[in-house]
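When the chains are written out, they are named A, B, C and D in that same order, and each has its own residue count from 1.
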Amino acid sequence: MESNAGATRSLSQLDELLGVGTNRLESFSDGVLAVAITLLVLDIHVPDTDRLGHELLHGWTHYAAYVVSFVTIGIIWVNHHAMIGRLREADRTILMLNLLLLLTIGLIPFATALFAAYLNRGTGDHLAAGVYGGVFLAMAISFVALNRHILIRKPNLLNVPLGLEARRLILRRSVTGVLPYLLATGLAAVSPYITLGITGALAAYYAAPVASGTGI
Amino acid sequence: MESNAGATRSLSQLDELLGVGTNRLESFSDGVLAVAITLLVLDIHVPDTDRLGHELLHGWTHYAAYVVSFVTIGIIWVNHHAMIGRLREADRTILMLNLLLLLTIGLIPFATALFAAYLNRGTGDHLAAGVYGGVFLAMAISFVALNRHILIRKPNLLNVPLGLEARRLILRRSVTGVLPYLLATGLAAVSPYITLGITGALAAYYAAPVASGTGI
Amino acid sequence: MESNAGATRSLSQLDELLGVGTNRLESFSDGVLAVAITLLVLDIHVPDTDRLGHELLHGWTHYAAYVVSFVTIGIIWVNHHAMIGRLREADRTILMLNLLLLLTIGLIPFATALFAAYLNRGTGDHLAAGVYGGVFLAMAISFVALNRHILIRKPNLLNVPLGLEARRLILRRSVTGVLPYLLATGLAAVSPYITLGITGALAAYYAAPVASGTGI
Amino acid sequence: MESNAGATRSLSQLDELLGVGTNRLESFSDGVLAVAITLLVLDIHVPDTDRLGHELLHGWTHYAAYVVSFVTIGIIWVNHHAMIGRLREADRTILMLNLLLLLTIGLIPFATALFAAYLNRGTGDHLAAGVYGGVFLAMAISFVALNRHILIRKPNLLNVPLGLEARRLILRRSVTGVLPYLLATGLAAVSPYITLGITGALAAYYAAPVASGTGI
């Protein structure tokens, strides 16, 4: 590709001017999170039955998975908000790591439906629970990767200058959030109800006032 | 977890600086409301029949439920707008109570589909109507809980200082909005058409100009 | 309900301060329009067949209806943008007429799927075309009702003062846009292809550069 | 239509004042992109089987297509962001070409589901791959058409004045992005796996840090 020095210079200057603000990054991420969280309900099917009460009770796994996944996505949103709120502008790596995070979040409606469908079924329940925990685990790891890039590699993009200690502390909190999902995924081999218990307890913990100020 | 005083101090200062603005809270909530209101249409299925006219007429319960749920979500949006518009910034409890409110709103497409499918069916119609009213009831209660937290416990987060009397009056209006849904849920035991009538009348009442200035 | 004069006065002042800005009205409407326009694709099903080419060709009614409905919703968006862009703030009637408009737009994915499914079927094709035209007609009428309220009854809410003549001219354009949909609906009784032709021609006309500056 | 000179003058002045800003163009486009990217997951179905492990492995085509389409839409978003970010305001042609671009993006969930369903099936796989490549091709061409209109025909609408050379260079990058999709579509006749390979390699290339600063 032929290169024109003048044109190239103008382009670099333009790239600088375009230094991606975080507004549209937030609005696109909010859109994906809002759609994903609302699609969760599509997994709760209207039964075609003459014993509606029985069928609705039987569907408890779907309501439980709905609540756990809804609250978890909601908490991701709160923490995503805090993470991006620290940014003055984004570089391309941030956009791409954020896209990876959104990709894992996009899988949550599927993983939730799979988990709910197999939780009280004789076969496939361990595997389905492993997939459920695994998608949350991938989400938590992507979150850490993005947070790490921002805090450790690109502190110059932060809104407010933060000392290395403070940045490491924030990151450590993110990393700590990975561990329970690792447990939830691994212990699916023992019982899918352990996976439900851990992910549910996490959702309840972060939603409760006691966790105020604690990132994932 | 070891604690570094300097880092912790910086973090508290940061938390203050990050005091969550209401812009992204509004945009995320708007997203969930917009998706939920538009997903309602997925419940109106295209019939595969040679008697289309007959089938479309037979599906009137779906159109009625569509209109009632659409207008109800629309009114929640208007009132949510007013409630959050009074806020200068949000604390974590507000984010979490808002998430609870969104969780109940996310269930409306399911409850609507269930209600429409069972309304003119011999069995399960009372239960389906109870679920429909119950989801609206849970939504109204979550709304009151959020409004109460803002008006009574955190008046310092308001945009404009409001006297205790004024705040109590706004809250009382919210609480009043719970009662009809309590009736709609309870009277489903008598007839599902009462549930349809009450929820429909409420939607019409709030949408009509006469209710101007009245919150849920 | 007991009334406290002081509280009531504060509330009226508050209501004034809260005079609904158009930002969140636009963002909620954009959300509904964006979801509705993207849900259209859910009507194009993946066939399960060993003669894929034949089946894909056979599905042309779905692609045609997809394009017509997509462009029509896109044009509604452009005109909605212009209509709300003239507003400084919204009153409750504007919110409710806007909600009615969104309600008709929310039905477009269903009407599109119905029309596409019955267009080249022996029975029900006239009725399905009538429903398709009728939903567009209802949408156009809601648009006029909202525009009329803004331009004729509440010119004081406009951004920029506009003379009565100018306001009447804008409104007349909106009203003119209703006529083709009236035709498309009525002539469905003659042939569903006339409905497709009129709605398709309208979409092409408004999308073409020649229509620049023309509202629906 | 009778014309009143005074009214018409006011209208032209109004049109100027309304010169469409890019905020709502971005928010509507972000909405469509966010919904389309999140709808991709609806194609990954929960199997009803007693051999879940086997079925999940068998569904690898759906995960592969999910990842490729998700990343591709994400990259469109990044490039769309850059393209619209250069604009100060939009004319009607920009709105319509943007709508055409969104129309092709809206088809991606369908094309993805079709491709995944037929990729490892004996018949229809070449055609399905051709449709998949073809939808991406149509998307890339629409992107170039919009970029060309902005850069070559309406440089006066740009935020920052750019020399002709710089504008041509940006456009040339867009055009270059069309070629791989042309290949991916044409070579579907040879093997659908070539289509998967090319589209997957493109997604990986643009997502990788090495492509920083490179538009589609």
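In this text, a residue touches a chain if its C-beta (ideal position, glycine included) is under 8 Å from a C-beta of that chain, and two chains touch if they have at least 3 such contacts.
All values reported here derive from a predicted model rather than from experimental measurement.
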Handout entry: Most widely separated chain from chain D, with each centre as the mean of CA atoms
Key = B
Problem - Copy pair chain C, chain D: interface residue numbering same or different (half cut) - result: different
Handout entry: Separation of chain A from chain C, taking each centre as the mean of its C-alpha atoms, in whole Å
Key = 34
Fill in the blank from the handout: When centres are defined as mean Cα positions, the distance from chain A to chain D in whole Å is 24
Practice task
Please list all residues of chain B that touch 2 or more other chains.
Solution key: 27, 31, 34-35, 39, 42
Handout entry: Residues of chain B touching chain C in the complex
Key = 26-27, 30-31, 33-35, 37-42, 44, 46, 48-53, 56, 66-67, 70-71, 74, 77-78, 81-82, 85-86, 159-160, 162-163, 165-166, 168-170, 172, 176, 207, 209, 212-213
Handout entry: chain A to chain D touching residues, read off their complex
Key = 1, 4, 6-8, 10-11, 14-15, 17-18, 20, 24, 27-28, 31-32, 34-36, 39, 42, 91-93, 95-96, 99, 102-103, 106-107, 109-110, 113-114, 117-118, 123-124, 127-128, 131
